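Below, subunit A partners subunit B and then partners subunit C, in two separate complexes.
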Partner chain A sequence: MEQIRFLLGTIFILAGLFVFGIATLGLFRFRYVLNRVHVAAKCDSLASLLVCVGLMFYAGNLGSILKLLLVVILIWLSNPVASHLVCKIEVETNKEIEKECEVER
Partner chain B sequence: MPILLFLLWLIFNERVTVDVLIIGLIVVAAVCLICRKIGIWDPQKDIKTLSKIPGMIGFVLRLVLEVFKANIHMIALVLSANPNERIHPKIVKHYTKIQSEGGRVALANSITLTPGTVTVDVADDYVYVHAIDEYAEEGLSHSVLEEKIERMEDNV
Partner chain C sequence: MSGLSEEGKKDVKKFTDWVNANSEEIPPEIVYPPKHDDHHGHGHEHKEIVIPHEETLREKMAKREHIDENFQEEWQNVMQKANDDPSSPERWYRLASSIGGALIVLVLLITVANLPRFGSPDAPAMNEVARRYLESGLQETGAVNSVAGMILDYRAFDTLGESVVLFTATVTVIFLLQQKERNHNKEDIEAVDGNYKGIRSLPAKVIVAITFPFIILYGIYIVLNGHLSPGGGFSGGAIIGAGLVLNHLVFGQEFSEKFINVNKCKKLMAGGLFVYIALKTYSILTGANGINSHIPLGKAGSIFSGGLIFPLNICVGVVVACTVFSLYSLFTDWSS
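And now, the complex of A and B:
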């Protein structure tokens, strides 16, 4: 039982780290702010979920599991807001946005 | 809301003893009273929200599924040979029937959470969305999440 828990936790954390790695790689592979926001902010939401689920398997007791759940909820609520603000400021301040992407009015 | 606050207090404490329970009850009562006085909490609204809980759970499960699907697409995009040529970034105006403020916030947040789309701005009856390619745009135009939020609103 102990070993199965350890194994599952490790698998989840490794998957989360893999997604984090992809997100960082994506930052360098895309060219423009709005495209970079997609990978930088969004893969994080999945990766942090996976890492926290992995930690839940490690933790074992109910209190820590619920606390980790709170961490996930907080990240999932704040992450979209942060990336939304970055996008909004970029769209409103960039005068040559039409060069980068089509804009529907 | 009092129940939620009390649960939060118990989670932070990690143990259930008499002193923890008593302090928690006093603090929760004080917070609820103050919120009632300054008018940001309404018990009637809480009872209405109760009927929406099954919808909310379904919404969250669906959201996690969508995040997984879209993330796999995103990873494939990043790992492809020339990502800059395969994307077609575009800002789309997406009309929505959702009326309530909370529903629109939920929609905007879930759009941003699913990779490939970022909400740029929210207005009265539409949201500006930056979609990274056609796949993301298509997922936006017939999204299950939006229907779920709409159905939750109808229950009010």
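And now, the complex of A and C:
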């Protein structure tokens, strides 16, 4: 039972690290703000969820699991909004936004 | 929705109405009464009432760029004068400042070269003071968190200095900004900046409305639990201040002033410092003269323990939170 628990936790954490790696790669490879925000927002949300689930398997007791759940909720509330605001500022202030993408006015 | 009582439904309705009223749509320019082409030659018979639409960010930036250009021109003129005139004080100031900077760098490099090796037993950091803090800190201060015992009991005077530095920074900014307001035409400034009405983004408003109480609650928890767990006045106060700044950023000046404004901040900071000084003066005077101060240390580990550390933490937290918030709002609010 213990071994299965640790195996599951390790699998989840490794998957999270893989997604974090993709996010970092995308953050450095993409040139434009909106592409980079897209990578940072989506991959970070998924990866932090995976890592936290892995840590829940490791932790075992209920108190730690609930605390990790709170961390996930906080990240899922704040990360999309922060990314949304960065995109909004870019669309509102970039004078040549039409060159990069189509914008609904 | 179906499980809610009548009052709950009313509250939900109120909230959705409020969100709709503050949504991101920009009202169009309305001209009343509407223009008619056939009235063109008859002069002005009626006055037009123009309701301007809210300024977009891009228009604001255009105005700002204009102001920045004027400032840059003035600055370039000053620098040009300094370059042309060999006896101007600007030149001497530049020479003196570069020599002074080089001297400071030299002194710092010599000091670093003479430092003892990291972790060596002869280092001044390894003397008996640190050992005493760790060995008998719990007995003498009653605080489980030895850092809190150190900064708010053994070295409380040092912490008072840190809080006064924050207070002084705020007071200095208030003085400087009042001067700026006197020199410039206030209406010009308000035409550019206006009264900050909050962010035009629905998701940010909803999420901050949900999380804001929890941020403040967490900050208060860290301040009150300072003598039991890592944290204390400085970190908890920073969290509370950041929460207030977030509230101001998202909901605007008018809503934020319902909680706190700069004037309240000034009073709270002065009050916090005064309470700190009064409590610590009592404790130092009684301790130095060998009088029993009658401050119970309490049972180590419970919330009411650690003697004066608990109230002092609250004072520091109030001062830090007010500093963070007032340094932000002094630069955004013009009415204060």
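Keep in mind that, in the parts below, the second predicted complex is superposed on the first by the 105 of 105 C-alpha atoms of A that agree within 3 Å, B and C clash if a C-alpha of one lies under 4 Å from a C-alpha of the other, contacts with A are read in each partner's own complex, and residues count from 1 in each chain.
Heads up, the rule we're going with is that a contact is a pair of C-beta atoms (placed from the backbone, for glycine too) under 8 Å apart; a residue touches a chain by one contact, two chains touch by 3 or more.
Since the model is a prediction, treat every value here as computed from it, not as a measurement.
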When both partners are placed on the shared chain, which of subunit B and subunit C touches more of subunit A: B
First, second, both or neither for A:46, with subunit B first and subunit C second: first
Subunit B versus subunit C as contact partner of A:67, first or second or both or neither: first
Contacts of A:80 with subunit B and subunit C, given as first, second, both or neither: both
Touched partner set for A:93, first subunit B, second subunit C, both or neither: second
First, second, both or neither for A:38, with subunit B first and subunit C second: first
Partner chain in contact with A:26 - subunit B first, subunit C second, else both or neither: first
Intersection of the subunit A residues that touch subunit B with those that touch subunit C: 77, 80-81, 84, 88
For the subunit C and subunit A complex, residues of the former touching the latter: 56-58, 61, 199, 201, 203-204, 207, 210-211
Subunit C partner contacts - residues on subunit A that touch it in the complex: 74, 77-78, 80-81, 84-85, 88-89, 92-93, 95
Contact footprint of subunit A on subunit B as seen in their complex: 8, 11-12, 14-15, 64, 67-68, 70-71, 74-75, 77-79, 83-84, 87-93, 108-110, 112-116, 118-121, 128, 130, 132
Of all residues in subunit A, those that touch subunit B in their complex: 19, 22, 25-26, 29-32, 34-35, 37-39, 41-43, 45-46, 49, 61, 63-64, 66-67, 70, 76-77, 79-81, 83-84, 87-88, 91, 97, 100-105
